[in-house]
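Think of it as A, B, C, D, E, F, G, H, I, J, K and L in the order they're written, each chain with its own count starting at 1.
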Amino acid sequence: MTIFVLNGPNLNLLGQREPDIYGLATLEDVQTICEGRAAELGLEIEFRQSNDEGQLVDWLQEARTAASGVVLNPAALGHYSLALRDAIAACDVPVIEVHISNIHAREEFRAKSVISAVVVGVISGLGIWGYVGAIEALARILRDRSEA
Amino acid sequence: MTIFVLNGPNLNLLGQREPDIYGLATLEDVQTICEGRAAELGLEIEFRQSNDEGQLVDWLQEARTAASGVVLNPAALGHYSLALRDAIAACDVPVIEVHISNIHAREEFRAKSVISAVVVGVISGLGIWGYVGAIEALARILRDRSEA
Amino acid sequence: MTIFVLNGPNLNLLGQREPDIYGLATLEDVQTICEGRAAELGLEIEFRQSNDEGQLVDWLQEARTAASGVVLNPAALGHYSLALRDAIAACDVPVIEVHISNIHAREEFRAKSVISAVVVGVISGLGIWGYVGAIEALARILRDRSEA
Amino acid sequence: MTIFVLNGPNLNLLGQREPDIYGLATLEDVQTICEGRAAELGLEIEFRQSNDEGQLVDWLQEARTAASGVVLNPAALGHYSLALRDAIAACDVPVIEVHISNIHAREEFRAKSVISAVVVGVISGLGIWGYVGAIEALARILRDRSEA
Amino acid sequence: MTIFVLNGPNLNLLGQREPDIYGLATLEDVQTICEGRAAELGLEIEFRQSNDEGQLVDWLQEARTAASGVVLNPAALGHYSLALRDAIAACDVPVIEVHISNIHAREEFRAKSVISAVVVGVISGLGIWGYVGAIEALARILRDRSEA
Amino acid sequence: MTIFVLNGPNLNLLGQREPDIYGLATLEDVQTICEGRAAELGLEIEFRQSNDEGQLVDWLQEARTAASGVVLNPAALGHYSLALRDAIAACDVPVIEVHISNIHAREEFRAKSVISAVVVGVISGLGIWGYVGAIEALARILRDRSEA
Amino acid sequence: MTIFVLNGPNLNLLGQREPDIYGLATLEDVQTICEGRAAELGLEIEFRQSNDEGQLVDWLQEARTAASGVVLNPAALGHYSLALRDAIAACDVPVIEVHISNIHAREEFRAKSVISAVVVGVISGLGIWGYVGAIEALARILRDRSEA
Amino acid sequence: MTIFVLNGPNLNLLGQREPDIYGLATLEDVQTICEGRAAELGLEIEFRQSNDEGQLVDWLQEARTAASGVVLNPAALGHYSLALRDAIAACDVPVIEVHISNIHAREEFRAKSVISAVVVGVISGLGIWGYVGAIEALARILRDRSEA
Amino acid sequence: MTIFVLNGPNLNLLGQREPDIYGLATLEDVQTICEGRAAELGLEIEFRQSNDEGQLVDWLQEARTAASGVVLNPAALGHYSLALRDAIAACDVPVIEVHISNIHAREEFRAKSVISAVVVGVISGLGIWGYVGAIEALARILRDRSEA
Amino acid sequence: MTIFVLNGPNLNLLGQREPDIYGLATLEDVQTICEGRAAELGLEIEFRQSNDEGQLVDWLQEARTAASGVVLNPAALGHYSLALRDAIAACDVPVIEVHISNIHAREEFRAKSVISAVVVGVISGLGIWGYVGAIEALARILRDRSEA
Amino acid sequence: MTIFVLNGPNLNLLGQREPDIYGLATLEDVQTICEGRAAELGLEIEFRQSNDEGQLVDWLQEARTAASGVVLNPAALGHYSLALRDAIAACDVPVIEVHISNIHAREEFRAKSVISAVVVGVISGLGIWGYVGAIEALARILRDRSEA
Amino acid sequence: MTIFVLNGPNLNLLGQREPDIYGLATLEDVQTICEGRAAELGLEIEFRQSNDEGQLVDWLQEARTAASGVVLNPAALGHYSLALRDAIAACDVPVIEVHISNIHAREEFRAKSVISAVVVGVISGLGIWGYVGAIEALARILRDRSEA
């Protein structure tokens, strides 16, 4: 079973951009950690990043058949991209939203996510561990579903 | 005379996605119906879909010289894409906005369209017939203009 | 089968009032066009206008048993008459809302219709053709229902 | 002593319209129940319904001299009819506002009543019993006043 | 030349209703004063009152051909009746809005008039003299127009 | 069958506090009246008051098994205590909200109750009679349920 | 008896500034007209203009003892100067607010006057005649007071 | 090292209350799962629940010296209890906010948490697993701190 | 004569919690200073703190008979506790609200106090001296009253 | 050391204007009391009033070098004068804002002060004693600073 | 040709006030730089500063005949002075608004300028160079106009 | 040193689209003018345009290493693209925002730019000269930095 880990705009700069907010780990570090934890759980990771809303919508549509679950860090798009929201709503596989920083402790506009209403759950502010937690939660959801 | 029928994000999933809202017809079905009705009216249809805002802006710009009118289903982009709005405002050919579902009977954010102020008219909630109606209305507008 | 075409306040002035917005056709012209198209579709038209909210509520109630569908141009009442909204919600026959002008391209208060959430669909900005389109859409809805 | 029981738009459809919200009793049933309870309390009932705001204003003005109290179910007019509000404010006899359904558990616009500030009290969500309760409350108020 | 003086809901209670706000003069007194001043200015007065929005719309439409100007006290309807607004906008003769009390010194909802944007001018808070002032202003406007 | 009558903060001051708003009857008087009317209806009353939100939540939870219905005067807590709201929503027995004064005729913040959406109904502004009315309504609801 | 006619910022440009809105008459013309009408009514006019909020506050304070009434055209200050508002509230003599243009038919911010709640009345949109009307209204108010 | 797991109002009803939203596991189940996972991580759990805001504030203050970290499910208090917020802000140990249900997919008022800005992070919508995830995240944070 | 000095949630942490905002003095220091100044003014101090809203309401009710005045630092409860507000409104003795920090120079939600409208006055931002000032002001108010 | 006591618009009318709100003491009385208390504290008072915003800005700038602290009663300017705010922010000496009446118990617009965020503290509602309290607070602040 | 460079409240403190925001250059430095650049462009500079709104309105009126263009740094007045706005709107010569600091990166109220809608353009955040840029832009505008 | 001049959606239509707002110069003209002025200042220009948000984010990321500064005309994206905002915030080189038209004098939504808070400065309404001014400002900033 494959999990898509999708990353939105500017996350390719992780580790270089505002490290006091986002930390020093790079997106490659995140990928390595995700793959490691996924392997322990018997899952495969498809790890991608794009600055382009349309590309992310395409990937979410692809996930409908190619993935068992999605970890999505929408970055800034989470605050306004209703196209992303509709793509998630059209996904039958579970999607978990992750934010590295605590979006509630920053500028007011970051506290509002237009996609949260259509994901399964949200992890915010727990750094890159949030990705790991989301993978674990997906593993549990998938196990529960297969057992049901 | 050619009519561009442009479709925004996630409309390629039509028929598969939330069928209780959007119905069972696919986008290919819509294209067939549009082409059929257009042929009766002596019009040609250029039918396209994209998940990408930039692509849709490009097509609207192309329509300025390549089309006599545009039927646009902006999908979620209609609620925030001011770039789309500016592209429409820059179009000299008439643009009609179509929504398959009744956007006023769903989530509150769907009731607001940022492009409605710059289109000729809007058809919402009449299912895929909305496309046909828009083509007929364009035919009438084009006939009136050529007669004037 | 009969379609009620109901018109709200000040529409009796059509053709005389603000013709740059509403055009030169009179309400009688609209009636003639509606009746013509309805005849082609095998439908009868009951065409009425009133400046009185209570009268329009009465007619909508009458339509519950006397009509197979309703085309409603609520005019200004559409922006605040919740009594109209409740009357529509109590209607089992399909109601389509029509606005001659594009209500999104005018004063801000016109962009909000309190009845849109309870009609089947809305056609706005396509001139008196909107009535024709609404009748065609009703014809299709009624045919689909009878076939279902 | 006479109590006016006045009913606003669409209440004549009671029992037929959205029975899961409004129940199966008809307005005639309500009238019978009101008259029964009033008789026990030594009161007479004048029971009326109109879809017309102006008519309701007229009746409220009539109540100033012809009634000892008013039970008013304003229906949708309660959410916007400031004319009704002024008519109530001009009434010297006590007016009690009744809503059959719980207006706070439905669409957001129903939670706001523009007349509540000028009535004596409000009963909402207790079904047709609300009318009975309002009559009892009026009986008590009238008895207290005559004793004072 | 005839001036329509139109009065909205509950103004028939003038003199009896909340006299600390509206004063002790009755609507008949207002009519007498208006007719007196109009006669001095060589104008005739058609003085009417209704509790019904639809009726007031009818009268405003009638004024398009039967009057040279309108003095309108919309009462509570001024705060929400967009049907009235449209009827005024459709009037080619000048309309002046009058409020007996100072609507800005009362409940907040009274400070907003939805018709003020389409009348020539507004007189508020100057008691029944406001009617006289409006007639004088109309006389001046009509004289200016005839001179122009 | 037992009815819980629960009273929120400061209601223990009834009769002493702002008597022009809340009247001269004390909470003991209310209890006596409630018990009297309940006895006539074959119901028992458990009458309590607390200034403490947590205590009221505890009592509402207790009512889930120990009561057949609840009359709740939340006092000021009704305007913000979402904990109370959740406790009511978790209650399977019917809850009726009572306010002694007309909360719509006082400060603006009192017009909004965060619990009204989850109670069966609301009685406001009818003085201490509101308690009696709520008990009668509960009696009727319980009888209807047992009959169904 | 003396009437102060006070004019706020930029009114010294009257006749030169945006004549399509404010007309061609100069402030001197207004003064002449005011003095003429006042003389007929047995009143004296003290006519002043300032671009300075502090100066206008001083004059309003002076009016407390030196004037029998005030006509105030606050110009733009009317939309935000709470200092002006307090000065008016401290005035025992009646103050009437005048606007030459119809402030409700222009930019949205002009529709709100922070002083209207503390003046006797408002005349708006009736051109320079508004000054005359205000003087007449003051004459009537002063006569009524002296008769009372 | 001890972790406080604190639960707000109505969570003692877990498993009984609205199981379609909150699931069938009881709070005891949650405690068992938390203790199990904590033991694996070498942590001790102090697990508590209260319906009382003041009690929760006391416990958060206690945590300042008695705990190494806090998992807090504030339940409804999270939406308005600024006292809780201040208690968290005064805590030097890391606090993670957990919600069992996805608060963004329910009533609008639940989308806003007044404490999120002062916690380390938030986990929402992942069911009772959210508690486990929060404990794991705390373990990681504590390990990082001790290593730093 | 006794003055109640009542302190809300988290003030027991004074001196330890966010000392750059609240300073280094402890609540015991505040008590000592209050008692000292009160003694000079011939007043006694009853000094209390609680994290519990219900407890604070109880104490405010107690103050009605046991105190001549109240100094209240509501802490975070001041921003939402309408129960506290009602308890103050029910108090016949004067209540002064004190905030150690300048609540207007911090987070936006702190700028709004729901109790300020019902206290005699507010002192904010003057550190622990605010308590002393409030006691002095109460002394003056009590002396004025006894002299009156 | 000199303290500037600066007073905004209309405070020169103190004692004459709305005495039920502002009391009977005149501004001269306030000056006498301030000077008396300042003398006891070894401070000198420079006491001024102006109706002019620009003048008050000038004085606040003068205070930067000529005063050790400022007591400022901004009167109505406090609600909108951002120029005053900037002048305070540019002041290195401490500024305390004083309002004689309780601004939170009056019109809604008075509850908002645009300068409170940049002053040291605020005293509101304690009558002319507020000036004395502010002087004492300044004395304490200056003593603390000189000791530090 | 002369350019007026007008500066609003507190700009006379430039270089002393909040230098991290406004820099170390004084207003005299700005004047020198402006005059230098203007001389190169063949323009004369009239450079003024006032803390007084009325004075600035006077100068803007003076500029109508005495200047060919205006550079205006309104300082805090830009956020509320509608009198300034009207004075600019009455100016036939082009006005450019300059802010030394980036008003969008500071307090929220600074992001809104009530005069921007009536100036030709705005330069914000580019330090004192903004004055130079505005002069260059005016030179270009004046040259274009003379050429046209 | 290279300056990136980046242009957002629909700017490729410059000169053809709404010339009364945007003027007759084409984007090629703008490029020529920018290159000319840059050459004089010893700078190179990299001039690009895209209708695609993702592409613009890529270019801003590229500018982090490839450019010394950026001139950005975001067009419609400036009103909602938080992805663009984050990309700018991640840029270490200075970015200046340019709008050809005065965005404050058009539709209300254009007055708000979500990127202004993270750029160095903004030039709006000065036509294509705004690009030149931005280049000059960047040249000055770069010179200041190299000197510092």
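The working rule: a residue touches a chain if its C-beta (ideal position, glycine included) is under 8 Å from a C-beta of that chain, and two chains touch if they have at least 3 such contacts.
Here the structure is a predicted model, which means the values were calculated and not measured.
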Path length in steps (a step moves to a chain that is touched) from subunit F to subunit I: 1
Chain pair, I-J or A-B, that carries the greater number of C-beta contacts: I-J
Whole-Å gap between the CA centroids of subunit E and subunit J: 48
Distance from the mean Cα position of subunit K to that of subunit J, given in whole angstrom: 32
Residue numbers of subunit I (touch at least two other chains): 52-55, 80
Contact graph of the chains (line, ring, star, complete, other): other
Chain pairs that touch, as defined at the top of this document: A-B, A-H, A-L, B-C, B-L, C-D, C-E, D-E, D-F, E-G, F-H, F-I, G-J, G-K, H-I, I-J, J-K, K-L
Subunit B partner contacts - residues on subunit C that touch it in the complex: 96, 102, 104-105, 111, 113, 116-127, 129-130, 133, 136-137, 140
For the subunit A and subunit B complex, residues of the former touching the latter: 52-55, 57-58, 61, 80-83, 85-87, 89-90, 114
In the complex with subunit I, residue positions of subunit F that touch it: 8-10, 12-13, 16-18, 50-55, 75-77, 79-80, 109
